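Look for chain A in each of the two complexes below; its partner is chain B in the first and chain C in the second.
Presenting the complex of A and B:
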């Protein structure tokens, strides 16, 4: 179980008053869940992931099966980010050698299969990959590390729709029942069918937490739930257009 | 230990080949430059210091290139290095050890190349110009050669060793420091520049030795302090 208890994070820049990136986020994520983390830009999704991984300072607690995240258990968490975490000068094979040596639960078979699935070259330095290939490799590393909790931050930025669709299907096919994925993305409609739970962030606060199964049973959809939670106004565009064209005379 | 070895192997994979390539290039260019001028000289043997001038420039350029390579780290690494099962400080110390070995290798390769080139020069001299002492005297007389192989001048060996340790450590801590504070490598750059200027060493020049040693010591203390301070906290990067 990954538990976040009262996470707070402020960013300070010069003399500007601190900006709240996380404002008391508490949530528990169990084994086997596929969690979608949604929210507009600046809602705190990336910050939340970085706090879980201990990459930045924060207030509050992050517990992994009741224990704080330290060097001893951090290998149980993996991270795929659109900012990329691989070494550009290394090849895919070079990464495999390093990860296999450092992470005792490295999944060799999965790595090979995914590399083949995406047709990624094993002996070319990562800096020569296209953006889409880099994203794919980033995700492959995160899935092959042998982690129990796989955090993905906008992992498909730059990939085409077919690639993403295929990847979701492969993801569902390869995950073991105890593996947990936390997927931060803007592509709500795309992942709607793949996530089992949705967490909604707004201005650093957790404003929504729903299981997709519950939503379906109530006859709703994830998209509708997100729109409702964020107070989406369907007539917003028409109102704006009306205001813009008000008083304009016909030629 | 396997996790530490993984970090060490990663560093070697990322840097060792490039450093080795630079050292080979340096030796090849030096041999070509030295040999070209020696062979063109004709009857009158040129002065050894004239032949070595280009070599010292090539050596300085290679040193700066190797040092820049050791300091350079792509930004992407922070997400991996920050979540390994060994501490970031351990990664830095392994890098420091490897960096120092690379700088010592540069010293060794340059000394071997200089010895070989000087032996070639001595062999090319007419018998009336050469003696069994030619090489020995050249390494005492010429500043660049004396900085490389100071013979009985033990202080210079210690200085070179200390410089390799300090520069290697500075090159390893700098990316760690940059990740946390965004500060540029002014102190390592100053020590590298001072090394280029003050490395050629005339016999018993205590003042230049002392300047380099003090700068190296300052770097070790300042960056060592930063590493200890960094252990107590995580970076606080912007959103």
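Presenting the complex of A and C:
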């Protein structure tokens, strides 16, 4: 169980008053869940993931099966980010060797299979990969590390639709029942069929938490739930257009 | 005996052995520079003093400290450059990608620091050892190869 208790994070920029990136986020994520983390830009999705991984300072608690995240258990968390966390001058094989050295639960078979599935070259430096290939490799590393909790921050930015669809299918096919994925993305409709739970962030606060199964049973959809939670006004565009054009006279 | 894994001493994707060779070369050049500088100054000063003595003039041998000027320049440059290289190693984890995220979540927290600091620190340590060895050598040369009567009573310590 990954538990976040009252996470707070402020960003300070010069003399401007601190911006609240996270404002008392508390949530528990159990084994085997595939969680979609949604929110507009600046909602706190990336910050939340970085807090979980201890990459930035924060107030509050992050517990992994009741224990704080330390060097002893951090290998249970993996991370794929759109910023990419691999080494550009290193080959795929080089990364495999490095991960195998540091992460004892490295999944060699999965790594090989995914590399082959996406036809990624094993002996070419990653800086020569296309953006899509880089994204794929970033996710492959996160999936092969042998982690129980796989955090993905906008991992498919730059990949085409078919590529992403393939990845969702592969992901669903290879994940073991205890593996948990937390996926931050804007591609709400795309992942709707794929996630089991949705967490909605807005201005650093957790404003929504729903299981997709519950939503389906109530006859709703994730997209509708998100729109409702964020107070989306369907007629907003038409009203804006009306306002823009109301003063115009007929020629 | 286990062979030294040079790759584990440099940021991933960099050639640790090549970096070590470059640092070694810089240390070698610094040593050579120091030796040449000192020997040139020392022999020149000794020659001048001996000529003066032959002409019946009193011209004391320059102090040891005076002869040392610029001999350690190579090591001084290295002392500035190597910490910058260590900082560069760290910053390289922010170039093109954010590999720092991976390095900072490794179970072995020393790996990042080992890769950033090991070779520059070894270079600095090597520089200090070589500089001290050179100083000892220079001192020995100064004491053994300067006729005592030519030194102005303890001048070799740099105190007139």
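Keep this in mind: the second predicted complex is superposed on the first by the 251 of 251 C-alpha atoms of A that agree within 3 Å, B and C clash if a C-alpha of one lies under 4 Å from a C-alpha of the other, contacts with A are read in each partner's own complex, and residues count from 1 in each chain.
Following the convention adopted for this analysis, a residue touches a chain if its C-beta (ideal position, glycine included) is under 8 Å from a C-beta of that chain, and two chains touch if they have at least 3 such contacts.
Just so it is clear, the model here is predicted, and its values are computed rather than measured.
Peer 1: Using the superposition on chain A, decide if chain B and chain C clash or fit.
Peer 2: clash
Peer 1: Contacts for A:208 in the overlay, against chain B (first) and chain C (second): which applies, first, second, both or neither?
Peer 2: neither
Peer 1: For A:31, is the partner it touches chain B (first), chain C (second), both, or none of the two (neither)?
Peer 2: In the superposition, A:31 touches no partner, neither chain B nor chain C.
Peer 1: After lining up the shared chain so the two structures overlap, which partner does A:220 touch, if you call chain B first and chain C second: first, second, both or neither?
Peer 2: After superposing on A, A:220 lies clear of both chain B and chain C.
Peer 1: Thinking of the overlay built on chain A, is A:125 touched by chain B (first), by chain C (second), by both, or by neither?
Peer 2: It touches chain C, and chain B stays clear.
Peer 1: For A:21, select first, second, both or neither according to whether it touches chain B, chain C, the two together, or no partner.
Peer 2: Only chain B is touched by A:21; chain C is not.
Peer 1: Between chain B (first) and chain C (second), which does A:89 come into contact with in this model arrangement: first, second, both, or neither?
Peer 2: both
Peer 1: Thinking of the overlay built on chain A, is A:42 touched by chain B (first), by chain C (second), by both, or by neither?
Peer 2: After superposing on A, A:42 lies in contact with chain B but is clear of chain C.
Peer 1: Which of the two partners, first being chain B and second being chain C, lies in contact with A:60: first, second, both, or neither?
Peer 2: After superposing on A, A:60 lies clear of both chain B and chain C.
Peer 1: Of the stretches 41-49, 95-103, 113-121 or 221-229, which one of chain B hits chain C?
Peer 2: Among 41-49, 95-103, 113-121 or 221-229, the clash with chain C belongs to 95-103.
Peer 1: Could you tell me which stretches of chain A are touched by chain B in one complex and by chain C in the other?
Peer 2: 53-55, 71-72, 74-75, 77, 79, 81, 83-90, 94, 98, 102-103
Peer 1: How about chain C: which of its residues touch chain A in the complex?
Peer 2: 11-14, 95-102, 104-109, 111
Peer 1: Of all residues in chain A, which touch chain C in the complex?
Peer 2: Touch list, chain A to chain C: 53-55, 71-72, 74-75, 77, 79, 81, 83-90, 94, 98, 102-103, 125, 127.
Peer 1: Going by the contact rule at the top, pick out the chain B residues touching chain A in the complex.
Peer 2: The touching residues are 2-3, 5-7, 9-10, 13-14, 74, 76-80, 82-87, 233-239.
Peer 1: Along chain A, where are the residues that touch chain B in the complex?
Peer 2: Residue list for chain A touching chain B: 11-13, 19, 21, 42, 46-47, 53-57, 71-72, 74-75, 77, 79, 81, 83-90, 94, 97-98, 101-103.
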